[in-house]
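Got a structure here, written out as structure tokens. Questions coming.
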């Protein structure tokens, strides 16, 4: 599928070469944002930064890392919609205020950003970016409290929506998760130092210990006195993003107390158990559908075949030449093995259908390669509502399931049959009680509404850039 | 495994925007060479070129392709050892001679390169590169025959070893395969035009028809009069490279009449059938071991688990920072899922063990993650002899199997058991008679010896750069 | 000499392709700042920007200019000291406030920057740069006035020191000069549109008419209603920077009512008239000493010879290789013609001596080339005090004239004689009354003192970056 | 003027860091070629190279120089016409032959290149570039002599036209000048080492001693046995290029036994003496006309004024924006000082008029700036014939003096009067007898004719790229 996670946050406190560790950590979070990356580091006195458009491997040179000395570092990877992919919006956002230099790395989306922007503007704020992350920094600077910690809490009380934050000052690293807990954030330990990361996979890679997830409504402050934690806000309802488990998080992470790989295999298993099947092979859409396909194959007894081969070299820089060649280029990304498919009944496993256009093309190439029947099973329910908490789904008009029935979609995609997992099936695939999750993109049950608007608006994308 | 294929060849005759098609074709052959790429194109009058170090996506811009007009094009992707990775060695090699501009793209390795170099040099040749490909062009230019075709045949009669060639003149595209047939080369058709490609996967992608493989000892000339084919040399013995099927070729290609994906599944199946097993899971080393692992799992009934997660963003530009961080970075490429592995008996499927150092690290991380037992099954026999026909294996001294017994390797790698497929098992996994293949890297039975040396030298790497 | 002008300002209102004209205008002001350049443009609705490190020719592509549409544009070229040459400090400084997007281009230096920074910070400002230019934008945003114009005046009343400003909003271009008039700023007219520029040379180049200089204490607002002008502040004393005439401004500009080329010739003439000479030739240090040398030669009758040849290709990117070669490289920039110099008595004309190290080397090469006598005449008085109004002189400790007498300098430089022009001589070389000029770097008579410091500090460089 | 010198040659033998010295030397020869640069170095064993498009400062990094170790180096700067500005043509040209690696740096143009190309081609040569320099290397490799020195002489006997050559083998540096001596080449000494350079200015800069010019027909071989010199060919007639003195060579060089600066002053002086004048000022076209203008002013007593100001920042990367702005951009390169010119009678000094288009524009801007009369005096005779010996003049059709009379040119340029120096006047300005010079571009008296053509062709540009 093509949805884009918006951000990954990674921070280090109390370790030599904190920026190098952050560089390695961002590599493990690269799947959460490929458009830009940034690292801010402090040696206790001076705060330095390096940011750039592109992948982690493109943004940083070894020289850059040497120019970011110190034992505290905060990093960020980001994806954003085209219109706002300005260098000014690269995170961590950094500014100098009465509390010295502060840097903020944000994963999520504030639902009252416009109202806050108006209020701050009237008070004389000068803005540099079009991100909601910058608002948090101005709220801290303009707070009527004197101390930094009180001003930070004051700022957090004013923002609404999804935010997993890393905050760096010249001598502190702070981790904050919103009271609903939309986005993940985890705490790790390496030697005498601490690490925060959007996902636990980054801990494995660095040989760090996964301590626990940061709790919804919790703030963790790490400085020379050690680690302090408290709840800055009461958590009325948990709302973990189910899409982290379906698609976004890396399979080797533990997110919301679920081992992600196993959760996805469970989804495939549950999907297989929801009815009887007869087919020659189960084929995953690589790479994302592979785990659900394995679970489906195990549960159904239908053999798994990797009948579509992905070309790993086709990336962002691929030139789509003239019209004629463009049509020839359809299969360059995912080539079906004709010899395997010809005359077979195939069950294709996808993790989600958003617009449907990519799926349609893929099914056409399978039919063209000689498949007798193509059935699709999807490890998420139909996608009907946009996300206001940090996932870049298209607007409602573009979501195929919001305007077409399952039968119409089946026909549009050229399938012999199409089935989605149910919300109940999804709940059965995961460990903690399903009540703690946000299923709003499937059922429209939004835990927090965009505040600055008088009425519920489900169709629009937010005006201020989220992350 | 880490062996490197040395080259991929792709050519187009008789199609508009031949260079654009060649660009797309090289994408499908990128796995055969990631160090440099080049395209030469002719509009029937003028021959133009663009070459560069890096991936296809890095070397060519859409403007470059516009600057390569014409209906004939020849492309090449290349890998080479560090010392000789000079821009001068990027292929296709191009020069101007009494036959006008000629470009040659070569996959393979000449075994009598040094002797030829000496002879040509004495006759007054001026060399630009350190590739054996350039020698072919000088042999054509210095031939005592008058016509181009006769001079080309004269040149081919003088070279020995492995060569699948694409040759472009301002009005012709020529495909040549050596009499042994070491390296693959295939012929395709698209509309009124012809395509040649190291592997058939490139045809699928372009919607072209896979006509057949170019035969050992065959020359195919394509020009405005159409396609002519003949055997320029008698083929005393076939010697198809078995490593193309084990590792190099793309799974969606048909190579030496084998569908590659199925051949690899067969190898896994044969490996499983060679003994009785008892284990909790079969784990492939991604991405190359995945197909043999699937065959192994099916044949043995032991469940397949993708328990090692590959980070697709770790590539050539990854900076390995200071010593401390370097050790932390071991798992950044391949992270085992601890929760899945802990306490389990695991069979790891690899396609080959060359030096053994990478395998050793990976097994260590599995043990560290809590695996109770780790067994390894390898879908190729022990690797003892170097290759003289175009594969960049290390020298004999570095090949772990040439100095250590299977038990010693088992111990060195920290395994609970280690088994290789047998040469007979390998022959049973593939379609055409095993006699047609070259197994020299396993059994030392070299079809052609390096000619300029008085005695058989198995330990050395050739002095002239091969491709 | 090596002093660096800090900035050039250029703006356009009411002309198609305003950004292209600004690009051309910045070329004519490139001598005022070579480190970075920026253009901000407005089409009446949206404000766009492009900035970068380097020369105007390096920062902008023709595509960049196309991406800056609109009839209003503001540009800036900048030089800064090494420590603060951060991309964040490139001007025009741009931010979004309650008045929408505002961009400010500044030439000069605020003397009360630290005090303002403290006040703004306490009120909750978040800073992005370390420039005094940013302060002006925050003062506007935080003003207690409602309207933009009142808020701007409020901001101007609070700042002290040297400032020639261009300000762009989405529908206006504003020019402001400080009440002392330290830095130049001129108004031009082209067709129906207006142009502002640090120097009039940019008008010639564009075929625009030079209307007049902006007056000290004047604000000019240009918008769809036309041009309005008023004095926002009373001008207690004029303090035009004499160094603009001695060295900085381009010879084809008219600055402070002086044609610069002629003013410099006058300085040479006055210098010659201040005593009797006998020598074989007058040799200018190219390119800056050439005009004074011409005046000197005319007045004294001693022939002018261009006996030192400048290599125009030695620029910023010149690599100084190993120690040995470094010493050989002394003359690569300025090579004396031995055949001309040998045995001659030479008068070298310089425009100023700052540290003395470069002059010393040059005189040594002249002696080495065989000059019998080398006399130096300098078209500025001895340089004793630092500048607080925007010129990057070294600190007092580095100024050779602040610690050495004329005789000591003569000896240190290896001269046979050394004479400086007097302040009176300088006054006689220029048109308007000398009382209107600032000679602080020669006589320490500072028109405005740095405010945030309790006592006069002449030795320090300002902490906040000036421009 | 806009003619382009084609090449500069620089070589070092017997000095540590020879490539660094060559880098510095090429800086002093940069005026002889700005399109590409290359350095080849040998440490006695291995020959290494670095070449690139652009200025010396753009092509080489300090790392490149470190990667070019050794005590022998050969460098080249080059200009070429647009069509052939391929990276393949960058010099020194380097190839491997039976004599090992050889590199050739060439200034000049072979007049029998096409015939040689044909002969070599028939013998089986494979060409890489379209330069006549490459031909020399093939002639050496294909010579029927055994030894290198004899083969080199054999090659030199076959080539005709202009060639000042530097040749590097792994242990030798060789300097060769053609029997006519068209292009300069000088020998210098630094410590125990030797330097060769197209111009002596490079010696001054490195602190090296100018030993003498290489003689027409001389070959100098420098190796571990020291320096040997002999005449490989008889010199029937000298033909020094007069344009080196008029325009190309640097003023601080000694070329053909003339100090260039003084020769140019002499030309101005002679020009002034050829008639009576009455005018208000003499104005040079900077920078090239400045020396003749000084001589003219001295001889005539008419004051010199630098009334046209050159913008040194307008270089190759200057973007010429849309039509409207383009017209405004005329004066961006050379801005006349209106205040100085208004109402004055001006004598403009140019060194040559080729096409006339640039001169026409400049005279128009002077008139526009208010000049009462504009007279032009040119320090070269009318330019009628193309050059076959290495200078990139336009074809005869484009040379304004080949189709228009002096009166017509005067009118076309908008001048009040126009006078050229005579050939006799030119001869009187220079030291050695005028018979030793080539004036072919003025009088059509070509010392050597292009050989491969049956008849004299004066209008065409050569097909093979010269240097």
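Labels A, B, C and D are assigned to the chains in the order they are written; within every chain, residues are numbered from 1.
The criterion applied here is as follows: a contact is a pair of C-beta atoms (placed from the backbone, for glycine too) under 8 Å apart; a residue touches a chain by one contact, two chains touch by 3 or more.
Treat the numbers as computed from the prediction; the structure is a model and nothing was measured.
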Count of contact steps on the shortest path from subunit A to subunit D
2
Once the contact rule is applied, which chains count as partners of both subunit C and subunit D?
none
By mean C-alpha coordinates, which chain is most distant from subunit C?
B
Taking each chain's centre as the mean of its CA atoms, subunit A sits from subunit C at a distance in Å of 50
Would you kindly tell me how far, in whole Å, the mean C-alpha position of subunit C lies from that of subunit B?
62
Compute the distance, rounded to whole Å, between the mean C-alpha positions of subunit A and subunit B.
37
Residues of subunit A engaged with two or more neighbouring chains
none
For this entry, which pairs of chains touch?
A-B, A-C, B-D, C-D
Which residues of subunit A touch subunit C once you look at their complex with the stated criterion?
95-98, 121-128, 134, 137-138, 141-143
Residues of subunit C touching subunit D in the complex:
16-17, 20-21, 23-24, 27-28, 30-31, 55-58, 60-62, 65, 201, 204-207, 250-252, 254, 259, 261-262, 287, 290-291, 294, 298, 303-306, 309, 311-315, 317-319, 321-322, 324-325, 327-329, 331-332, 335-340
